[in-house]
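Note that the chains are named A, B, C and D in the order they appear, and that numbering of residues resets to 1 at the start of each chain.
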Amino acid sequence: MTTRIAFLGPRGSFAEAALRTLPISETSELVAAASVQAALDAARDGSVDCALVPIENSVEGAVSITLDELANGEPLVIIDEAVLAVSFSLVVRPGTSLSDVTRIATHPHAAAQVRGWVSANLPDAVMLPALSTAAAAQGLLDPACGYDAAVSQHIVTELYDVVSIADGIEDTADAITRFVLVQRPGAIPAPTGADKTTLSLFIRSDQPGALLAILTEFAVRGVNLTRIESRPTRKQLGDYYFSVDIEGHVNDSRVSEALMGLHRVCLDVRYMGSYPRHDGKAPVLREGVTDGDFAEAQQWLRQLKGEI
Amino acid sequence: MTTRIAFLGPRGSFAEAALRTLPISETSELVAAASVQAALDAARDGSVDCALVPIENSVEGAVSITLDELANGEPLVIIDEAVLAVSFSLVVRPGTSLSDVTRIATHPHAAAQVRGWVSANLPDAVMLPALSTAAAAQGLLDPACGYDAAVSQHIVTELYDVVSIADGIEDTADAITRFVLVQRPGAIPAPTGADKTTLSLFIRSDQPGALLAILTEFAVRGVNLTRIESRPTRKQLGDYYFSVDIEGHVNDSRVSEALMGLHRVCLDVRYMGSYPRHDGKAPVLREGVTDGDFAEAQQWLRQLKGEI
Amino acid sequence: MTTRIAFLGPRGSFAEAALRTLPISETSELVAAASVQAALDAARDGSVDCALVPIENSVEGAVSITLDELANGEPLVIIDEAVLAVSFSLVVRPGTSLSDVTRIATHPHAAAQVRGWVSANLPDAVMLPALSTAAAAQGLLDPACGYDAAVSQHIVTELYDVVSIADGIEDTADAITRFVLVQRPGAIPAPTGADKTTLSLFIRSDQPGALLAILTEFAVRGVNLTRIESRPTRKQLGDYYFSVDIEGHVNDSRVSEALMGLHRVCLDVRYMGSYPRHDGKAPVLREGVTDGDFAEAQQWLRQLKGEI
Amino acid sequence: MTTRIAFLGPRGSFAEAALRTLPISETSELVAAASVQAALDAARDGSVDCALVPIENSVEGAVSITLDELANGEPLVIIDEAVLAVSFSLVVRPGTSLSDVTRIATHPHAAAQVRGWVSANLPDAVMLPALSTAAAAQGLLDPACGYDAAVSQHIVTELYDVVSIADGIEDTADAITRFVLVQRPGAIPAPTGADKTTLSLFIRSDQPGALLAILTEFAVRGVNLTRIESRPTRKQLGDYYFSVDIEGHVNDSRVSEALMGLHRVCLDVRYMGSYPRHDGKAPVLREGVTDGDFAEAQQWLRQLKGEI
């Protein structure tokens, strides 16, 4: 049976472009969802097998709806990630030239990211809000849409009868968006040696040293963090949680032991998946924290306890 | 001369509502700015004395543009904060009743926060994107706007000829937005005993234990954190910084010593202001970290060194 | 077969008095050894089953020969401890009165601990060195011994034909000596809920943060220390080790995990035994570190990994 | 006026040999004291200017009487240290050869350290206790002393009419004793760049994490420890203190700040002196903790506070 994957639509969205960088997309049926919530709900209710949603943007920061839904909603786990350089094009109906453009539609986030280019090249153009960059491009198909250009990703030129008249118009050259592929809890992807694990760590509001305690649980086992954010919980006013990404797989001994330690000191720990890093970069481990080191230490302990 | 304060507009925005909770607003000229960037730039170039912009939303998370501009742009410091409960109303032209509503305009963020109420009460309504919630309300003044209701904050009913037909329609009851009042570096507000300090801490990308080191600098001096986020820097790919709020004022001894310690271990520390907490909540200090304790320790040291 | 226990002799020594506080002494053959070294060697070569030697004195501090032999010599493990209040008597041949005493023999350590009493009561007496307090008492049996009193423990009056003419003559009232009962590695005493474990932790000389790392391994698992000393190793110049006592038994989960962690970060860890505390005082554990907490965390981890 | 220095006698003792390695001894009057206590008391009551006493022996460990007197007694501070390799000679009256030796006198500690050599070379010799090694050598001057050889340090051959017939007879080649020169609190020796500071840190008995807290105070300021020992206090049963040596001088910024931090978290901190290291080894400092780094951080803080 074909795997069905929901993505944050519409067709031609950054999410679709990101999804197409994952091999699984080639043999799957891709389903556009109207929102992050809709994509996640589809994965939860089984109408799709998994969902690809944005989790972090180097310009806009964390995608709160994704973080909070994964932390607080019905459990889903991350099984893969994809990273996409964010790049915008100015797309128009065939035949429109730059000097014809007076009204531009796009999503407000995208508008913020091309402000410099637009000021310099189309200082008199009016910006109009659209629900998404792809929707803005699609809207051009209707001559009565009320605008003559859209800021969108280049991929829309393959989907709709529009053309790009300027590429790479984003103000920040190296902006990237990170997406995660999630599914209902089940089989965990096998370790690759270059994995990440995402966790939500819930803390009591009255614990000033809680974050230090959490980081010490990681540090003692040689586990490095790659992202951390404090977030208010939805459960009780004043409580908060930390959303963290760490290097390593839940099957790695150092990660396993750290997770159990966190489970003992936190109000709650939600495991949100172990998955291969998009860049394949293996962690640099300090001495004494490989699986071999953990196994050797256990052997030593069992010997001195007379168990072997 | 009257103080001029820019706020994230348009008139009737949440930012204006937040600004009006600060006493300084009563004697100042309030200037709507088109964007966070525009508000901050106005403070920088002196066209206003200070600017009020959102920094954090309990539903949407950090406002990245604000964090990053304050961390990386030309220096501005926070001198006050305001917190506003986020609450939405459904506003219409006078005479429109709930059963008349078929098309609703609002900002996409607001749309996300009232999704539940709309599904339950207006399941067939179409949602249209607007540049801001206030702009959506203002748009109603034009009968040809193409929609018959706007999701906006209640304050717009005082500004425009619109009325609310449903208040408190947000799905999450306790959502709040935190705003900060910033100005060019200068006099620091006097300590009140219930202050916060905001910092950006820049780290080298190759320091796995950096966060633990940072937290230890705070913990050793009994300084509590109230917010932390890791953010990519704009300076070099792979580098990141931590945006943190701590309890206390830069003039507090424990904060002073922690700041100097951070200055010694971080690539860079940007001080972003000490200001009174909006809730007036004094920190709970552990033993040995009051200004008196620091002074007494210094006296003791000077005595044993024979200086006094 | 009767258990044979060597103790630091001679008969009537503090070590014998301490040994007699342990129930095992009642059914064992007690063998006086000439020195700590001799007692330990007897346990090593099998000529006795175990040996009782002093390890710590509240006035004199650690007994280095014991610590170093247990840390560096052929392995022996501690299976029990005994604590004895140090108290001295002035013993004489029957018929001698205080005013007759002009020359007093004792071990130099004992002489140091009764200096105040002797100065006050026998200001003109000459102190003579003896190999041990018990030997000094025994020497009195020979009228040609050259002295007329000995500072010794009261028990010698039961062994030899001597009497005490002053008890409790020590200057420091609450001095105690701690003794340990050691045997070749084998079965570990069952946990009692109020146990101690003794370890030697070997460190590379060039590790400035090593002690902090070691303490963190303990702290993360909620293991408390009751004694710590840095000691030079005999293995290589400049290297040192830490001799530590911790609360808990090697079979306790928190101790097991801490030991494995130490094994991974130290040059070497020598386990020197888990044994019941002489005072039966159970440790006060922080939240999350009981065996139940460890088991529950492991269960949780196995569930999320899909193993159960 | 000539400086008077007491040392742990008698003449020819290791303490005298150690004292003679310090330049100050050349122009001072050296006074033999009968005990550590007597030497310290002489410094306290002004009958001498300073006193040299042993504090640590690589075989015997800490000299408890010295540690405890300095920690608990009337204050004295260390102004210098000397280290002496412990080496023993077999000394006899002129004309005595090795084969003539049947009875050997020495201090019991020395006897323990030459046991191997004596067993191998004089297996039938009887060991007799003496109050000190120097006293044993001096005793040989009396032909009726009852023994024909003494284990002592070689220096006695310059003081008395005795000769050495075997040098370097100690079992452990690299044993050393460390001595400290103490005086009443007053001027602190100037920093040399290679200094040590000795402290006694008093802790409440009910603080399980106290040692970790103490070490963190040091670590945060980049201060390295070279020695640590837990010791029972004499003040209250169950309380204890840590005797520590650290790298650096009280005038070094990192040490000053650490001392003030410790003063705030400990029950009591006793400063026991900053003095040049006997080996002249400068500390290896991590980045950010030189006096220059501290001064620069203070300058930075003052600037951002608008003080300069």
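Note that a contact is a pair of C-beta atoms (placed from the backbone, for glycine too) under 8 Å apart; a residue touches a chain by one contact, two chains touch by 3 or more.
These figures come from a predicted structure and were not determined experimentally.
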| item | value |
| --- | --- |
| Both-way neighbours, i.e. chains that touch chain D and touch chain B | none |
| Between chain A and chain C, centroid-to-centroid distance (C-alpha), Å | 59 |
| Intercentroid distance (Cα basis), chain D paired with chain C, Å | 24 |
| Residue numbers of chain D (touch at least two other chains) | 216, 219 |
| All touching chain pairs, where touch follows the definition stated at the start | A-B, A-C, B-D, C-D |
| List of chain A residues in touch with chain C within their complex | 185-188, 216-217, 219-221, 250-251, 256-257, 259-261, 263-265, 271, 287-289, 293-294, 296-298, 300-301, 304-306 |
| Of all residues in chain D, those that touch chain C in their complex | 35, 37, 57-62, 64-65, 67-68, 107-108, 112, 115, 129-131, 172, 174, 208-209, 211-212, 215-216, 219, 224-225, 227-232, 234, 237, 284, 286 |
